[in-house]
Amino acid sequence: MERHRHIGHLEEAETIGSASSIVPHKGKVILELIQYNATEHRMELKLPIETLISHLKPSVVNWINVDGLSDRTILARIGEHFNLHALLLEDVCSEHQPKVEEYDDYLFFTLKMLYQIKDGNIDYEQISFVLGRDFLLSFQEKEGDLFGTLRERIRLDQGRVRKKNADYLFYRLIDIIVDNYYNVLDAVGYQIEQIEDEIDKGDNFEFQKIQRIKKELIYLRKALYPLRDALSKLIKEESPFIDPSNERYFSDVYDHVVHLIDSMDTYKDLTSSLMDIHINTMNTRMNEVMKVLAVISTIFMPLTFIAGVYGMNFEHMPELEWKFGYLEVWILMIAIAGAMVLFFKHKKWF
Amino acid sequence: MERHRHIGHLEEAETIGSASSIVPHKGKVILELIQYNATEHRMELKLPIETLISHLKPSVVNWINVDGLSDRTILARIGEHFNLHALLLEDVCSEHQPKVEEYDDYLFFTLKMLYQIKDGNIDYEQISFVLGRDFLLSFQEKEGDLFGTLRERIRLDQGRVRKKNADYLFYRLIDIIVDNYYNVLDAVGYQIEQIEDEIDKGDNFEFQKIQRIKKELIYLRKALYPLRDALSKLIKEESPFIDPSNERYFSDVYDHVVHLIDSMDTYKDLTSSLMDIHINTMNTRMNEVMKVLAVISTIFMPLTFIAGVYGMNFEHMPELEWKFGYLEVWILMIAIAGAMVLFFKHKKWF
Amino acid sequence: MERHRHIGHLEEAETIGSASSIVPHKGKVILELIQYNATEHRMELKLPIETLISHLKPSVVNWINVDGLSDRTILARIGEHFNLHALLLEDVCSEHQPKVEEYDDYLFFTLKMLYQIKDGNIDYEQISFVLGRDFLLSFQEKEGDLFGTLRERIRLDQGRVRKKNADYLFYRLIDIIVDNYYNVLDAVGYQIEQIEDEIDKGDNFEFQKIQRIKKELIYLRKALYPLRDALSKLIKEESPFIDPSNERYFSDVYDHVVHLIDSMDTYKDLTSSLMDIHINTMNTRMNEVMKVLAVISTIFMPLTFIAGVYGMNFEHMPELEWKFGYLEVWILMIAIAGAMVLFFKHKKWF
Amino acid sequence: MERHRHIGHLEEAETIGSASSIVPHKGKVILELIQYNATEHRMELKLPIETLISHLKPSVVNWINVDGLSDRTILARIGEHFNLHALLLEDVCSEHQPKVEEYDDYLFFTLKMLYQIKDGNIDYEQISFVLGRDFLLSFQEKEGDLFGTLRERIRLDQGRVRKKNADYLFYRLIDIIVDNYYNVLDAVGYQIEQIEDEIDKGDNFEFQKIQRIKKELIYLRKALYPLRDALSKLIKEESPFIDPSNERYFSDVYDHVVHLIDSMDTYKDLTSSLMDIHINTMNTRMNEVMKVLAVISTIFMPLTFIAGVYGMNFEHMPELEWKFGYLEVWILMIAIAGAMVLFFKHKKWF
Amino acid sequence: MERHRHIGHLEEAETIGSASSIVPHKGKVILELIQYNATEHRMELKLPIETLISHLKPSVVNWINVDGLSDRTILARIGEHFNLHALLLEDVCSEHQPKVEEYDDYLFFTLKMLYQIKDGNIDYEQISFVLGRDFLLSFQEKEGDLFGTLRERIRLDQGRVRKKNADYLFYRLIDIIVDNYYNVLDAVGYQIEQIEDEIDKGDNFEFQKIQRIKKELIYLRKALYPLRDALSKLIKEESPFIDPSNERYFSDVYDHVVHLIDSMDTYKDLTSSLMDIHINTMNTRMNEVMKVLAVISTIFMPLTFIAGVYGMNFEHMPELEWKFGYLEVWILMIAIAGAMVLFFKHKKWF
């Protein structure tokens, strides 16, 4: 279960120095600098912060990727260089819903990156972007991301990234993250299909799985709805940091998110339909068990009673001395059992 | 179950050539050209792409229908000729919700075409339209559509199609698709009626059917709600590609979709009402079974106990030697059984 | 269950002559003409269409009432005379949700007229109005309506109808239809009260009735919500066909519809409350049945076992030879039964 | 249960004289006139209508309170004097949702007055206000209201009422009515607390009570939501009949109604939570009953079977002649019973 | 359970002096004055009201904190000095939803302060703020608050509070209150996790806990939703009492509240998911119990019947005299029991 990582006020916290209010982000901070334009490019990993800042230059797109948020002094140094607002740095480090915020010199955007882990669970990582006119900052909680292919394409100058500006790079990164949501949602869809197959086969232990899917959908909803709103705000506000010719790209990402939400809602409906089927199956079985019990009891209780009657030890029991008494009692008992069976047939109990 | 067919970026994918990210559309691509105005018309099927492009002319309505989306080079060639945006071509090929988008030189509209298959299931096909001033492109996933009658009417110059422009053709095609939704929804209504009849007759295996209807309604909702929104947007934005005198036609289609949604919601309510009836029927039966069990047990357990008592082998059991002991015990047992029956009558158990 | 009567395109259908796509409206078409102003009036029933048209004159309110929609040529002739749009005629003949539409020369309004049938069911009839400056057309599916009293009032010059224009007549007709909804809803309320009385009396077969009420409310909702929206649109758009001094009348009808919707929602809540009571009653009874079963079993099973023990035929069973063995075993059995009863008392099972 | 009192059209109904369409309001009509300004005041009860009208004067606030709506001629006379619209008089007499309506010369406001009756039920009375520049009309269905204290304050010149105009009087009356809603809602809250206490004590007959609370909340909702909307409209439209300096008072009443709605929603949630607890309690008990039944059956059925075996009368049954056969069978039976008990312990059935 | 503390009209109530309509706030009233600017500061506790007012001066931020609302004369004196509206003082003393209201000379803001009490319950305290140009009033119901650290920071001149104006102080106080909501919500999250762990372990008494969490979430909702709306209103209206440069801080608090609401909704979904699991667990156990009962009954009832048959005392029962009769009957009984076991295996009952 996700826990709130809300850190109070960065600038204030630093002044007091009370480390306890800051959630420690494990792992080291790794700084990566990717610079490119149509003619040149440069990629450097694990740069010291001051070296990185000295390498920045205005004629290229400067993409600074920060993996790990544990070292506050590095964040503060970046904040100082790019003139980032104290609240923005706070938002980078504390958990937030996806949102967009426009500042005077840059645009702030934060969303969740989804990873699918082996056993069907989903892992979340918060990623924040700061888009300026010639730079893009990306802040990730952990090392490792989905952008390997894009780095390669920048290096080999494939596609249009190298020909475009920082806003297009920003779009491409968001698009990659959103595209990965499809994989996660398809996995959910696959699990639902599997459960449907199990139900068709008559297997019966699907309840825990349905609950797990429901839980995943609850968390997905939490990531997707505010992301849609943030993208919608981004498109409508016509930010100066995004070139009008690129706005259609963001609209496209928005459409994808709307489609994802729609699919998610469909899966939610299918899941509650599965719940209904599960509950109905259990009730049907309960009914069947009760019917077997009722049929057996109803047939054998009268017979056992009759046997009990002729097991009594009264001195004067005329039937006991009849020649065909035993035969007749058998006939009586078979007749009763037969009548009961006909009664249940009539009631359509089997 | 529907799977996401999201293909990543067409133009980028081509550059890399990684076919794996593109969902293969089976079947060949068939190009069809229909040209007409009030005085002349021309229909050609299975044209090569370059021939088709060379046949286009400005004085007529040019309807180019593309069946099958597997051949990217053809799509790219069409895109090049009509100056289609890369994202638009991507939308044509990947699965999307119904939506409308206005570009500088054309209007893009995509929706789902529904087919009813033999065993009551519904099949979906995505169809996309690009409406320009003197042309209409339609992209379908598979061969075969609902437009046979309309083609015939164009050929014979029936109705008003030949007198009107490409926007009216566009309306006619959408209207035909939406009209077909009525057939699909009527089939759902027919299934609900059938289940209601079964319930009236007292039959009891309707649960699977209810679930299937619910599932169909979930998918229909997915097709209809965004279609309504897309049509609403189309009407409100007063696109330059639609003649003001034709706007009322699109309003009419919009009304039909609203009516369809309304009927769908009614069917949804009826379906959950059926679910309630089903659950109530099961509970009623359970109650009945339990009552039979309780009645039989409550009557025969005391009787069997009494029989058991007089089956004991104590040496000193005075009743056993009474002359009418056996008769008296029968009287006692019948009295107990009678009292039980009266008790259950009083409780209204039967 | 209601079926979709969607007829495709009137004008197109006529051209082709494919009668199959048109739902046949049974019964003949009856034309009625009512003309009046403050000083004169004239009422004619079963007029031939051409006669009727020749009688129309500008100085009076011309109310043309069409009962039955089966004869397309008559409709087409009326459409031609009043310059009605093809889509409007189509809407008159096909089933639609209540809606309002403004054309250049007239206002189109369609809604449902409700009738209560003997056995508590509700019957629906679609009625459409076309309001011009000096005429009002009304199209009904069947003969027989709710306007008898109003016709009489026009004849006798009671109330204000004769002093006012066609828009006031239009208001009066709608108001009569909406007023009749109160009767229908009151009947639903009466049924709910009856079920509540049955529940208070402890009767138990109300489930089918609850379901029927729910179904009626589903259909009522379908009629009322779009009617509210249509009226709201009518009021807001300040149509030139409605005199500003009469707008308050339409607001009043709107208020009635809002009140009806509110009552309907209340009935819906009461109905699901009844469902809860029904389900709870069933569960309570099930519990009671199970308790009786458990109590009887728990008391008699140990006793029957003890009787069974002393019915065994072992040669060496000392108790059997005790002088007071039989008495003692009775004491034991009564003690066990008493302990069980105390146990159940403690558990508050009875 | 509330019934619709919709009376058709007053002016029309009078013309025809069909009394049947008018709901008779029982009791006599009592007219009360209260006149005041900062320096003088006058209160008169049970005035004849003409006397009352002759007493009206422009320099004071004229509050005319009408208790009982049965005498149409009096209402018509008041309507005539104050130039009230026919639809307004109709709204006064027929049941309506709370609403506000502005006319040229006055403001119309109608809402429900709630009374708590002895046995926990709530009684509703509709009250309508007509606010003019120097007069306030109030129409009540029955004698007796909540305004006794206010009348006394006017008489003794306490608070600010005497210093202010008719709009402040109007505010005070509405405020008194809304304040009384708090009492009603607190009573509902008290009932919920009582049920919670009963549940904590383990008592079990709360179901009827929960249903009654739910029903009360359904009716409260019907009174409160439209009242909120009416007040919101009153504030936003900045009516000329309300002095801008007094608008904050109406905002305050609006806040109270919003708070009431919020509390009502909370109670609704608590009530459905109580329903869940009730259902769970019933299920838990059912489970317990079934466990007792299953445990007793499972222990005694095998034992009774064994006893039955050795009660058989076969000639050759070696065990019967064993010296310790009887003892051994007891040991066997105790062992089986013990094994069963351990099995149930393991299953955590008790 | 919370009770409505609605006090009627302060100014009116004072005039009459009817103390009964005023809810008594226990404890004494403690007045605290904190004055500061960048260069100086002064903190005084338990000042008499007149002394406090005489200490106020324009060159500093004057924060007056009132703990306890029981002494109306003190409140009236403060109201008189700061020219507070009578309705505002009423709102301070009566319970209200969070809201913001702008007056000519100050801004009024009221919200709930949450405290977590030992046994997992949540306590609420209403706190109201009045923000003027150089003063901030805060009214609390009880002594003790969350602002200790902030007071210390003002004293030691840490952070930016001393450099800023009263609006920043106002922000800091609200922010501290909202931050404390995270603790409360985390505690709820922790309880949900605990229940999930219990479920995984197979323990079964979680129902009461789920209900308690649901109840807490109902009350949290009541505090958070109107708080969000009040903050949204505060931001949008661009109050003159808040410096534009500080508006981003209020946006940040707003974002936190939105995030809190989102987490709360997630917890609500998880809670109803837990309810489903609980209900399913109970049903599964019921099924298991019934199966054990049915299996045991179905196996032993026929066997007991057979034993009963051969316990009958008929004179002519040939089987009894067979040499291997006893053995054969055992074989028969074992065969029947075995067949039953196979039957249940086939039915997958165990």
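When the chains are written out, they are named A, B, C, D and E in that same order, and each has its own residue count from 1.
Basically, a residue touches a chain if its C-beta (ideal position, glycine included) is under 8 Å from a C-beta of that chain, and two chains touch if they have at least 3 such contacts.
Computed from a predicted model, the values in this text were never measured in an experiment.
Counting steps between touching chains, the shortest path from chain A to chain E takes 1. For the two copies, chain C and chain D, the CA superposition rotation is 70 degrees, given to the nearest 5.
Residue numbering at the chain D/chain E interface overlaps only partly, since under half of the positions present are found in both copies.
Look at where the CA atoms of chain D average out and do the same for chain E: the two points lie 26 Å apart. Centroids of chain A and chain D (each the mean of its C-alpha atoms) stand 42 Å apart.
Counting partners per residue, chain D has 286, 290, 293, 297, 301, 304, 308, 311-313, 317 as the residues that reach two or more other chains. Taken as a contact graph, the chains are arranged in a single closed ring, with each chain touching exactly two others.
Contact residues of chain B toward chain C in the complex are 153, 158-160, 175, 179, 182, 185-186, 189, 192-193, 196, 248-249, 251-252, 255-256, 258-259, 262-263, 266, 269-270, 273, 276-277, 280, 283-284, 286-287, 290-291, 293-294, 297-298, 301-302, 304-305, 308-309, 311-317, 347-349. The residues of chain A lying in touch with chain E in their complex are 1, 3-4, 6, 8-9, 11-12, 15-16, 85, 87, 90-91, 95-97, 99, 101, 204, 207, 211, 214-215, 218-219, 222, 226, 275, 278-279, 282, 285-286, 288-290, 292-293, 296-297, 300-301, 303-304, 307-308, 310-313, 317, 319-321, 323-326, 329.
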